[in-house]
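One structure is given here, and the rest of the page talks about it.
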Amino acid sequence: MAIRRGRGVAAINYPTGMNLGGDPTQALVHSTPTGNFMVTLSSVDLGQGMKQIMAQICAETIGVPTDCVVVDTADTDTGPHCMGTFASRGTHRAGNAVIQAAKEARQVMLEVAAEELEVNASDLETDGQGNILVKGAPQKSISIFDVALSAHFKRGRSISGRGMFLIPRSYPEKETGAMKPSTCYAHACTVAEVEVDDETGEVTVLTVKNVFEIGRALNPKMVEQQLVGGSWMGISHALYETTEPYYPNRDHGGTDFNQYLMPGPGDLAETEIIVLERPSADGPYGAKGPGEMCANPQIPAVANAVFDAVGVRVDTLPITPERILRALKAQAN
Amino acid sequence: MALALQTFATVKDANAALKSAGTRYLGGGTLVVRAANEGDVSVSGLVRSTDPALSAIGVGAGKVRIGASVTMAQIARHPDLGALAGAARAVGGPAIRNMATVGGNLFAPAPYGDFTVALLALDATVATDDGESPLETFLSRRGDSPAIVTSVSFTLPKAGGLRFLKVSRVKPKGVSVLSIAVVLEQAGDGTVSSARIALGCMADRPVRARAAEKALEGKTLDQDGIAAALVVATEGAAPITDPIASAWYRAEVLPVHLGRLLLS
Amino acid sequence: MAKVPVQFTLNGSEKAEFIDSGTTLLHALRDKIGDTSPKGGCHQGTCGACSVIVDGELRLSCLTLAETCNGATITTTSGLAEGGVLHPLQRAFLDTFATQCGFCTPGMIMAAKVLLDHTPNPSREDVVEALSGNICRCTGYEPIIQAVLTAARGNSQNAA
Amino acid sequence: MKLRKSYFADVRKDDLHEIGQARPRSDSPGHVTGKTAFFADRNFPGMLHLKMVRSPHHHARIRSIDTSEAEKHPGVVRVLSAKDVPHNVYTILILIQIGPEDETVLADGKVRWKGEAVVAVLAETERAAQEAAAKVKVDYEVLPAVFDMEEALKPGAPIVNEYHGQNYYLYDSGECRKVRFGDVEGGFAGADHILEQSYQSSPIEHAPTETTGCVVAPEGNDRFTCYTNTQAMFFTLDNTSIILQMPGSKLHFVGGTVGGGFGGKVDVIVEPIAILGAKLTGRPVCFIYSREEEMQISSPRAAEKVVIKDGVMKDGRIVARKVTGYTDAGAYSRHSPYGAQKGAGHYPGPYTIPNVWIDTYCVYTNRTPSSAMRGFGITIGDFALEVQMDKLARLIGMDPLEFRFINAYRDGDMKAHRQPTEGAALIECMQEAARAASWPVAEKYMAMSSYKKGA
């Protein structure tokens, strides 16, 4: 019996948003009479935290604390169109729409504040704490609470904005394939370290060191959630997952979580996550879509580590103990 | 038709009710309620018995009798059943172990039924109201008789006397690639005087590895001593193929894991 | 169809309902009583999302018939917060960012609560074992393990 | 997690208030108290349960369907088959002119995969629906099926889907999406080494803990509110409107927090038939996939086969790369032609290669239709590309990470699909990974940058 150790590396990039564009998302923003802000969308939160991120984007753009923003989403009676939550598009597309809507609302807010303070709107700034100040003369200020009251009950202004983001559709050229699949790309590099039992083919992933470049970490803890969970899913894809274990034969497809294999809490690799930020030119505050690509580099990194450990290639996913054992036996012959 | 549950104080009355077509006995629910949830319309009625004997654990004079309704969790924490705790803990996660019963485990098709593998190596006896039968005989006729299993009995192995291994892809919980239970008796010189080896996933139900048992007799527990047993470990086995592993893989790694267990 | 009575204590209050015989505890809680905190993720006993505590033991409500729980004391995640104050486990799940989609969360918290009720100072291995019947597809488990360990350390207030 | 702010500091302003802050999630308190409302947490009095009768065959002609016994079963309120669906055509991307009308909502005359929906039973209880479903009699004439993509592409293979007439999707560019860049054969001719390798995957399930489903309630005013865990509210609204031939104004979709998606809830599968049931019965309806349906019926990530042929020089430069990708769509298109095309735009990966040839095929077989999943069109390709990179490095005796530095794309490099590279950061990721893993890399690579002078 020998437990053999190996490590492997993989580097990848990943497009943000629907391939070839043409996938719009709209947002509406309005203030309540007391200076809170509603973001109205039809985008869906799948657990990645869309609602929280849109609130932070809106708050940053208007210049208020995130607590002052409420996101109302996923209702076709109220929310304007969103193509949907997929293709790493949610933050990028909806975020841009929210920024546009929030900017328009902010402009109205500043105009009302300017009337109240009897200055030019261009001379005003927000302090991020709920107040609007005159640049260079911060003692001259008004709360956003009072601005919203004024807008509603005195000046008859709607502090609101409309946002729409659309990357125009690209059509591939038939013969050359010239096209514009995406406007920005996230990047990653993973180094995986494994142990392989050369008598049973069993693989233990000891460590994964993941470096992700995602444009901007809008909420670092939520980014970490995505990346840690994605890294686990990548390892899971590499070694465990299939609905058809004997593909292309359709027999013995799993029908429950006992038969559909994924790493359990006792199978976790020591996982390191490092994030780099190269803001994208067209992303909301530079953000790209990290949600999908974070599960990709572990698969080849683990595959390459298995080869490094035992000297056999398994080029079919998942890299099961059986496939490794068969390869080892073929190699021995 | 709804799925109705009938509860009886005695096993006798429950046995009588089980004679109705479409009626199944409800133990911990992990097999039969699941089947009903999944649309198995052949199950139309459930029967259970609250007879306290079904929930009793009796240990005395080196003998153990475990009522059929005793759960895996109860076995795992019983102070006198430490030798079986590993096998009981091999079943499911914590919630399943609070529900899954000894009686139910006897009926669990491979890759389930790991605890029964341990019972088979212990040469357990299965009791119903009709009498007692060796577990191996019971398993060979599993499903033929509707009689409710009331208990299993066996001689309590000494501490460490039951070697048990469950191999899973998913840790710490996961269904079996295979499971192995071994009970050995050794002579004063350390050679094996008798061996009972039971295997899970090497057929649709737990089976004994008789050729390997025989090959171990008179041998010492070292690499050379067990070699002959490992060669014949799969003799007579018909491993299952399922989403977890193929028959080929199970047969290939059985000798590896058996060897490791014997040398552990 | 004949109805059968069930009566038990749920999160400290007495509940009595007439249900169809054969109804699972999961359906009784969700559809009859209106406690939707246990989730139906598989109805097979393989995901743990429906986990509840019955007389101090973790049980899968999808495989438990409600009428077998007569007289029992049942705890669900919706009953953990007292007087609007979150249970330390709930607090720890928040503070360590251990929830994503949230569907597995109530079951995870039930499994963790039973662990901490019996083992106030668990090892990582204890936590892993306690959560082993519960599936999470979002988090990769590590944040959940950390949440349980944080709650056990009683320092979740300072963990954020 | 560590944020490495030293990289790209010159192009980034870190002066934001709310962005970049680890604010607590607003949805988390609802999750930990069990208060978050998922779609299935809505319960309506008199709600009916929908169960689907599915094909037991991989490929068969339906001779007849007899639902009479099922309709008489106690508790059954309505049984639906193809004739009840107003516009029995399912196509997810019709509004953006992608994807053919090659699938029905309920099978009409034929089934093309084991598990295809044939008859829907609506009953007072789940149990009654299951029992009645077992009484639906469908007379099938079993037809030859094909499961292997290469077999499916051979002449004489059973035709999976008559809509297409052949077992592949016909793009405007022909039988595959093509990318042609430089002179790939010339590149191979000049290469020191050629390596051609084949990679394969099988279908993968999203496995969200919450299965796909919806709950529909008639509002009493000819409108229907559908609580759903779709990932795309308006895909669902628009497609339902077309299938049911109902004005969109009659439809109201409410989503919210979804119990995990990963791409598996982008197909609009459950809502149209559930709303049809609600419309025809006037009752609330729930249609929730069982775990088995989620595992074997809901569309998985496609199986893929990727063949990569590379020409590489001894000094580490890849001079030509030819990729042929096959995506196993299963019996129907759903999002697969889109996914296969996405692969064409992704190859040859984040590397600058002067001569590239890419063909990506979308192939039909008699299996569960595949569709989107996290990393759609790219995940399996990246597995193939990055294992190939490892093999190439070892072939020429070079360190696998240094080999990637030599070929990594940088700002301004022209990609095979003829877009100049912008915002590259592969090199920096590899540098940081080398540091984190103590992977020895020559100083010249550690000094590289994705920025290119003059770019």
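Letters A, B, C and D mark the chains in the order given here, with residues in each chain numbered from 1 onward.
Operating definition for what follows: contacts are C-beta pairs under 8 Å (C-beta built on N, C-alpha and C of every residue); 3 or more make two chains touch, one makes a residue touch a chain.
Computed from a predicted model, the values in this text were never measured in an experiment.
**Q** By CA centroids, point me to the most central chain in this structure.
**A** D
**Q** Of all the other chains, whose mean CA position lies farthest from subunit A?
**A** Chain B.
**Q** Quick check: which two chains are joined by the most contacting C-beta pairs?
**A** A-D
**Q** When the C-alpha atoms of subunit B and subunit D are each averaged to a single point, how far apart are the two points in Å?
**A** The mean C-alpha positions of subunit B and subunit D differ by 42 Å.
**Q** If you average the CA atoms of subunit A and of subunit C, how many Å lie between those two points?
**A** About 29 Å, centre to centre.
**Q** Suppose each chain is reduced to the average of its Cα coordinates; what separation in Å results between subunit A and subunit B?
**A** For subunit A versus subunit B, the centre distance works out to 47 Å.
**Q** If I count partner chains per residue in subunit C, which residues reach a count of at least 2?
**A** 20, 22, 42-44, 46-47, 97, 100-103, 128-129, 132, 135, 137-138, in rising order.
**Q** So which stretches of subunit D touch two or more other chains?
**A** As it turns out, subunit D has residues touching two or more other chains at 25, 27, 125, 127, 207, 257-260, 262, 290-292.
**Q** I need the residues of subunit A touching at least two other chains; which ones are they?
**A** 46-47, 49, 221-222, 224, 228, 230, 233, 245, 253-254, 256-258, 260, 262, 264-266
**Q** Mapping chain-to-chain touches, which pattern fits: line, ring, star, complete or other?
**A** Basically all the chains touch each other, so complete.
**Q** In the complex formed with subunit D, which residues of subunit A make contact?
**A** 7-15, 19-20, 22, 42, 44-47, 49, 51-52, 55-57, 59-60, 63, 65-66, 71, 73-77, 79, 81-87, 128, 169, 172, 174-182, 184-185, 187-191, 209-213, 216-224, 227-228, 230, 233, 237-238, 241-245, 247-250, 253-257, 260, 262, 272-281, 285-286, 291-293, 295-297, 299-301, 303-304, 307, 313, 315-318
**Q** Report the residues of subunit C in contact with subunit A in the complex, numbered from low to high.
**A** 42, 44, 46-47, 97, 100-103, 127-129, 131-132, 135, 137-145
**Q** Show which residues of subunit B lie in contact with subunit D when the two form their complex.
**A** 1-3, 36, 38-39, 41
**Q** What does subunit D use to touch subunit B in their complex?
**A** Going by the criterion above, the answer is residues 51, 74, 125, 127, 130-131, 133-134, 290, 292.
**Q** Flag every residue of subunit A that touches subunit C in the complex, lowest number first.
**A** 46-49, 221-222, 224-225, 228-233, 256-258, 262, 264-266, 268, 271
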